[in-house]
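One structure coming up, written as C-alpha cells, with questions to follow.
Which chain is which? They are A, B, C, D, E and F, in the order written, and residues in each are numbered from 1.
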Amino acid sequence: MATVRPKDDPESDPRVRAVFDDIRATRKTDFVNNLWRALAFDATLLERTWADVKALMASPTTLDPLTKEMVYIAVSIANACSYCVHSHTAAARAKGMTDAQHAELLAIVALAARTNHLANGLQVPVDPAFDAGA
Amino acid sequence: MATVRPKDDPESDPRVRAVFDDIRATRKTDFVNNLWRALAFDATLLERTWADVKALMASPTTLDPLTKEMVYIAVSIANACSYCVHSHTAAARAKGMTDAQHAELLAIVALAARTNHLANGLQVPVDPAFDAGA
Amino acid sequence: MATVRPKDDPESDPRVRAVFDDIRATRKTDFVNNLWRALAFDATLLERTWADVKALMASPTTLDPLTKEMVYIAVSIANACSYCVHSHTAAARAKGMTDAQHAELLAIVALAARTNHLANGLQVPVDPAFDAGA
Amino acid sequence: MATVRPKDDPESDPRVRAVFDDIRATRKTDFVNNLWRALAFDATLLERTWADVKALMASPTTLDPLTKEMVYIAVSIANACSYCVHSHTAAARAKGMTDAQHAELLAIVALAARTNHLANGLQVPVDPAFDAGA
Amino acid sequence: MATVRPKDDPESDPRVRAVFDDIRATRKTDFVNNLWRALAFDATLLERTWADVKALMASPTTLDPLTKEMVYIAVSIANACSYCVHSHTAAARAKGMTDAQHAELLAIVALAARTNHLANGLQVPVDPAFDAGA
Amino acid sequence: MATVRPKDDPESDPRVRAVFDDIRATRKTDFVNNLWRALAFDATLLERTWADVKALMASPTTLDPLTKEMVYIAVSIANACSYCVHSHTAAARAKGMTDAQHAELLAIVALAARTNHLANGLQVPVDPAFDAGA
C-alpha cells in the first residue's frame, strides 16, 4: 500500500537520478530504499529531504553516527512511524549497534514514555532550577 | 498547577523518606525535584518509578550517561512532555552536554520528526531488507 | 493566553445562552469552565461539542461515570492536553475517585505507554489469535 | 486484522441500512468503505460518527472541500492513523488534488513537525503578541 | 516484520524460561504472545517488563480488571500502537467486555480526542478551580 | 522558562544578524519572535530552520498562504505544540482568517482526531481502493 504511485522509471528524471546517485555514492551501496522511491514523485521534495538527511546523518558532526541513529529511532518510536523504526534500526545495526545496546535503547525509550505520561498526568510545575532561560 | 496536592510533610511517611534519601544519595545533592514530590502522594507509585529510573539512568550500563539523557530528551520532546524536556535537558547539561551537542540533538530530533511525518504521509511499505524478524 | 478572544458578554447570544444554561442545569452548578467560554466564539462549534459531551458523559450509559472519566483522563494524558487532564481529573475527583484509584490509574497509563513504546520499537506482528475480524 | 468482527449482513439492521444508504446517496457511489462497515457493529456509534462527518465534510461550509481534506490528512499523519491517511488522500485526489499540491501538503506537514519538535525542545515562551485572549 | 530476530529456542535460556512459565501460570494458558517472544532477545528487558505488567494487570488492585484493560486500550489507541490495541482488546473481551461496552469505550476515546484537539487549538488557560496543587 | 539561555546580543553574530534581517525584510516587520531568538543559540540550526520555513511559507507556491497556515495549525495541534499553535494562529489571522474559518478549521481538526482514534481502535484494514501504490 502507499498513497503515491511509484514512478516506473524514476531515474529518467535527471533531478531524481542525481539524488539517487548521491544516495548510492554516500552510502556505498546500490540499494535505494522505498522512502526515497516514493519521494521521487516530486523532485523538489526529494531533493530537500535528502539534503537535510545527508547534512545531518551522513556527514561527520559533533555526535557520533550510532548515537544519532539511536536518537532517530527513539523519536520514530514515539511518533509511531513503523517505516522509520524499521529503517533506522537497520541503519543502527549496520553501524554496530549490539543486541545489548538495542535492548537498553528500548528500555530507556520505554522508561521515558512512562515518566512522560506520569508528568503529563500530574501536571507538575517545572522547577525553577531547570530554567535555562532566566 | 497540578492534579495532586503535594503533601505538607511527605517525609513523615518512612517509605517516602527512604526514596527521597536514596535520590539524594544517588545524585549527591539535597535537591529533590517536583516530579518526585508529586509522586509522593502514593508511596507505591513513587517506589516503583524511582526503582526503574535508578536502574536505568543512575547505574552503569551499556550506553554512556549522556547518550541516555539525549535519548530521554528526544522521547520527551516527541511526547510533548514539557516538564520532562526541562528536567532532562538540565540533567544532560550537568553531564557535560555542550551547546553544539544540544543544537545537533535538536536538529536530529526535528529531522526525524520531518521524515516520520513524510513516511506516515506516504505510507511506504517497509523494505524486506529492513526485516530482522525473518 | 489563548488563540481566541473570549466574548465580553457571551450569553447575549441566545444560542450560547441556551448551551450555558444546559451546562449549568446538567451539572447542577453555576460554574461554566473556560473551555466552553472559549468555544462560545462560534455558536455552532459550541452546540455540537456540548451535545456530544452531554450524550456520552452526562447521560446514563453502559459504563459507570467514574470509569468514563478515567478513560477520558488516560486519553488526555497520552494526547498531552494539559487543560483536559486538569478538568477531567477534577471531574473524576468530584465523582469519587480516591487517591489510591488516581495513583493506580496513573500507574496503568504509564505502564501502557511503556509497552506501547516497546511494541512500536520491536514492530512485533499481531498474533492471529488477537484478530477479531476474521 | 481488526478488533471487531464485521457483521455478515450489516444492512439487515434498519439503522445501519439507513446510514449506509445515506453514505451512498451523499457520495454518489455504491462503495461503503471498511471504516463504516466496522463501525456498524454498534448502530449508535455508526450514526453519530456519520452525522458528524456528513455535517462537516459532505456539506457546503466556509472552507472549500479540498482544503478540508488536506487539513484532515495533516491531522491523520500527525496522529499516525494509517487507515485515515489512505482514505483521505484518496478523497483529496477525487476532489482534484494534484501531485504538486500533494507534495506541497506533505512538505508543509513535515516542516510543521520539524518546528513543533524544535519549539517543544526549546520550550520557548509564547510571545505576548500572539495572545488573542487578553 | 520485526526489528529483532526471535530466538529459535528462547526457553533454552533459564531466565526466559522462568518468565514464560510465569506468564503461562499466571494467565492459565499455554499461549505466550509475540510481544514476550520478541522481548526475549534480552532477558533483563523481558524480566522487568513482565514484572511491571504482572504487578499491575495480573494482581488484585483497587481498580477492577476490566476497567484496567479499558484504560490500557485507551492509551494504546492514542499512542497508535497497533499491536497493543489488538492484544488488549482481546484481553478485555476475555474479561467480559461486551460489544456495547466496547462501542462506548471507543466513543469516549474518540470524544476525548475531539476535545483534546479543541482545547489544544484554543490554548485555553486552566481554570483555578481545577488546580489541586495549591 | 526555556531550555536554552537567549543570547544578550544575538545580532553581534553576523550569521544571526543576517537571518534576523532576512526575517524582518521577508515579513515586513521589526518583530522577531521568540522561536528565532531561541534558535540563535546555534547559527547553523537557525539558518537551516529559517531557510526551510522561508522556502515553503514565505514564497509563492502551489497552495495559497492561508491554506498553508491552516495546515500548519492542524499539525501543531495534533503534536501538542503550544508555542506553534499560538504563533501560526496569529499568522493565519494576519493573512485574513475569519472567526468562521477558524471555527471550521478547529471543527475539522477535532473531527479528524475523533475518526483517527476510532480507526486506530478498530484497526480496520485499508480498502484496496485506497491504494495508490499498486
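As a convention for this text, contacts are C-beta pairs under 8 Å (C-beta built on N, C-alpha and C of every residue); 3 or more make two chains touch, one makes a residue touch a chain.
A quick note: this is a predicted structure, and the numbers were derived from the prediction, not measured.
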Task: Intersection of contact partners for chain A and chain E - done: B, C, D, F
TODO: Check D-F against A-F and say which one is joined by more contacting C-beta pairs.
DONE: D-F
Open item on the list: Suppose you list every residue number at the chain C-chain D interface; are over half of them used by both chains (same) or under half (different)?
Closed with: same
TODO: Name the chain whose C-alpha centroid is most distant from the C-alpha centroid of chain D.
DONE: B
Open item on the list: Quick check: superposing chain B onto chain E on C-alpha atoms, how many degrees is the rotation, to the nearest 5?
Closed with: 180
Task: Most distant chain from chain F by Cα centroid - done: E
Task: Centre-to-centre distance between chain E and chain C (centres being mean Cα positions), rounded to whole Å - done: 20
Open item on the list: Need the CA-centroid distance for the pair chain B / chain D, whole Å please.
Closed with: 33
Task: Centre distance in Å when chain C and chain F are each reduced to the mean of their C-alpha atoms - done: 26
- [ ] Could you tell me which residues belong to chain A and also touch two or more other chains?
- [x] 1-4, 38, 45, 48-49, 52, 75, 77-82, 85-86, 89-90, 100, 105-107, 109-118, 120-123, 125-126, 130-133
TODO: Flag every residue of chain A that touches chain F in the complex, lowest number first.
DONE: 1-6, 38, 48, 52, 55, 126, 130-134
TODO: Would you mind writing out the residues of chain B in touch with chain A in their complex?
DONE: 1-4, 31, 33-35, 37-39, 45, 49, 52-53, 56-57, 61-63, 67-68, 70-72, 74-84, 86-90, 93, 98, 100-101, 104-105, 107-109, 111-127, 129-132
Task: Residues on chain A engaged by chain D in the complex (per definition of touch) - done: 1, 3-4, 41-42, 44-45, 48-49, 75, 79-81, 133
TODO: Would you tell me which residues of chain B are touching chain D in their complex?
DONE: 73, 77-78, 80, 82, 85-86, 89, 105-106, 109-118, 120-123
Open item on the list: Under the definition above, what is the set of chain D residues touching chain A in their complex?
Closed with: 80, 85-86, 89-90, 99-100, 102-103, 106-107, 110, 117, 123, 125
